[in-house]
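Here subunit A shows up in two complexes: once beside subunit B, once beside subunit C.
This part shows the complex of A and B:
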């Protein structure tokens, strides 16, 4: 689905954001893209959607170079940015103007999604709240039936019931033909949806591994005391939340926040496990 | 569903399915929810539910009728009991034993508590 090879990218020559980054993504997965502020999550997503250009290296998205912005590719990409602009029109006018760009656009599915998100179809776009607008573009994006779904912080601005609704909608939107990439800081909103974690740090991919692989190699658990076998630990109410190698084949639940902090703090310890 | 923090999600979903079978909500030869249906209900990745269903197939608790879906296996209840019993003895019993020992709870007291619990919760 996506093949990134030796990607070099930055907004100025002296400050590279990605150095020789390579990565392969395939369909049938929901990738969770994690990284500190400024690590380049949004920039990577923009590279995939042809919104910014690589300095060198190659990007292959479904056989196309996204920088060429060919309609045959763009109609297969649904991009939900963190910040967006919506014109001052009603929903049906927006559909009339934008849906024809996507030849597989499913009007019935769009209506269903609006209903699930509790958005009246007669609304004017600019009169809606930020959260409602966000739900509107998510509904539009998914109704395009695009094969590559890119979402930048999709749960920002969603209220509590909408977040649950969003998770249900994404669980049903994930098919074997689709590749879904979600960047997020709100890992607790989405951690059960993500099947593969991609973490960016220091101009490169710090980790790319499936939840299954991570929990086969690492165990996440509460401990009373910290010893040498523990890679990383954070104090909690009843001791410590710890990450350590999974010596005893335990089937623990991945704590994505803990993993994130652990890799930032102790990258060298994790490297040999995931190479 | 509220997931606990200490166990892989796919195993917690397996417990959920087993519970439905033990309580007779899903009966032998009946169809269970599709991978997608259960993923939507649980708000999890369908690949996670697929992993649950693969595990339950290996334990002869459900079977896959190609093209139709997943069904509860004929002897599922016995197989669930075997599987859950093992899990319980390995994972949960040590914690219970530890508390019984630390709090010095007698087996007589335990038996009474147990009987009351069964009466109140299962009317047996």
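This part shows the complex of A and C:
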């Protein structure tokens, strides 16, 4: 679905954001894109959507170069930005103006999503709260039946019930033909939803591994004391939350926040496991 | 799927743009109408006014009309052009615009249609209607009144000239036909190029650039022609032809640059 080869990108020539980044993303997956502030999560998503241009390297999205912004590709991309704009029109008018651009737009599904998100269909977009607007664009984006769904901080501004609805809807929206990429800081919001973790750090991909692979190679557990076998540990009320190699094939639940901090702090220790 | 131009997609784009831009556009037409009507109301010629200007067809002229037509027209066309792509300067709006599944060519042609063709036609239409109604009114007001025509030194029945008379009075005016397209193209480019304060930045940049070009052209002409040549009427016409051709060519060049800038626009 997506091939990134030796991507070099930056907002100024002296401050590169990505240096020779290469990655391959396939359909049928929900990727969680993680990284510190300024690591380039949003910029990577914008590169994929053709909103910014790489300095060098190649980007192939479903056989297209996104920088060319060809309609055939644009109608297959659902991009939900962190900051968005909706015009001062009613939902009906918005649909009439925008839905016809997407030839697979599913009106029935859109109505179902609005119902699930509890958004009254007669509302004027400008009068909605930020959370409602966000749910509206998510519903519209998913109803386009786009094959590539890119979401930048989609759970920001959503209340607790809406986050649960969001997870449920995203899980049901996943098909074998679709590739979903979600960038977030709220890693707990995406627990149980993403199947592959991509972590950006120091101008490159620090980690790209499926949840299955991570839990097969690492174990996350609470320990009383820290020893040499532990890659990384954080103090908690009852001892330490630790990440360590999974030598004994133990089953554990991925703690994404812990993994994130562990990779940033002890990148060298993890490298041999995920090379 | 044709990724450069598709008539259905272009139609959808026009419809979408109208839903977004239409309300503001109609409001701007209302403002335009109020401005033109105000100019006319402040300039109604008083009956028995003796200092009327007459044209060659023995029609009394409305001196304020042509400057009003040109000035308001310039402002209307340039403001419309300058606001068209202004959304690209705001990140959330720019994302929505650029991610709309239509080609850059379609988006560009839509801009030309709205800012140049529709704006020009609606401006001419509104001005013509107001002028026709106004002429009807003042011709009734001046019915059977006579005034001295200083061109013929005779007392003539007062009948006011139309906008068309004013525009065609000097045959060289036709060479200025491309100017609305030219000015509109400059401000459309400015709306893509600048992220904020599009109008003022475009006006300043264009003024500085063209002042420099005109200064160079004058200097070059003076250096080449001084003392060697005295232009006659025919040569002056030739200069106007050059002005017309240059304005057409430069307009197309600016449109081409706008298309490229739109293609290269990043968020």
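Odds and ends about this structure:
Convention: the second predicted complex is superposed on the first by the 275 of 275 C-alpha atoms of A that agree within 3 Å, B and C clash if a C-alpha of one lies under 4 Å from a C-alpha of the other, contacts with A are read in each partner's own complex, and residues count from 1 in each chain.
We adopt the following convention: a contact is a pair of C-beta atoms (placed from the backbone, for glycine too) under 8 Å apart; a residue touches a chain by one contact, two chains touch by 3 or more.
Worth saying up front: this structure is predicted, and the values here are computed from it rather than measured.
On the superposed subunit A, the two partners subunit B and subunit C both fit, without a clash.
In the overlay built on the shared chain, the residue A:93 is in contact with subunit C alone; subunit B does not reach it.
Once chain A of one complex is fitted onto chain A of the other, the partner contacts of A:149 are absent, as it touches neither subunit B nor subunit C.
Once chain A of one complex is fitted onto chain A of the other, the partner contacts of A:75 are limited to subunit C, with no touch recorded for subunit B. Of the two partner chains, subunit C is the only one touched by A:84; subunit B is not.
Contacts of A:51 after superposition on the shared chain: subunit C is touched, whereas subunit B is not.
Computed from Cα centres after superposition, the angle at subunit A between subunit B and subunit C reads 150 degrees (steps of 10). Of the two partner chains, subunit C is the only one that A:101 touches; subunit B does not reach it. By the touch criterion defined above, A:34 lies against neither subunit B nor subunit C after alignment on the C-alpha atoms of chain A. For the three-chain overlay built from the shared chain A, the minimum Cα spacing from subunit B to subunit C equals 28 Å.
Note: no residue of subunit A belongs to the subunit B contact set and to the subunit C contact set alike, using the contact criterion stated above.
Residues of subunit A that touch subunit C in their complex: 46, 49-53, 68-72, 74-75, 77, 79, 81, 83-85, 87, 89, 93, 96-98, 100-102. Listing the residues of subunit C that touch subunit A in their complex gives 1, 3, 6, 9, 12, 15-16, 19-20, 90-93, 95-96, 98-104, 263-264, 266-267.
Note for the complex: subunit A touches subunit B at residues 28-30, 164, 167-168, 171-172, 174, 192-195, 211-212, 215, 221-222, 251-255. Of all residues in subunit B, those touching subunit A in their complex are 3-9, 11-12, 36, 39-48, 51.
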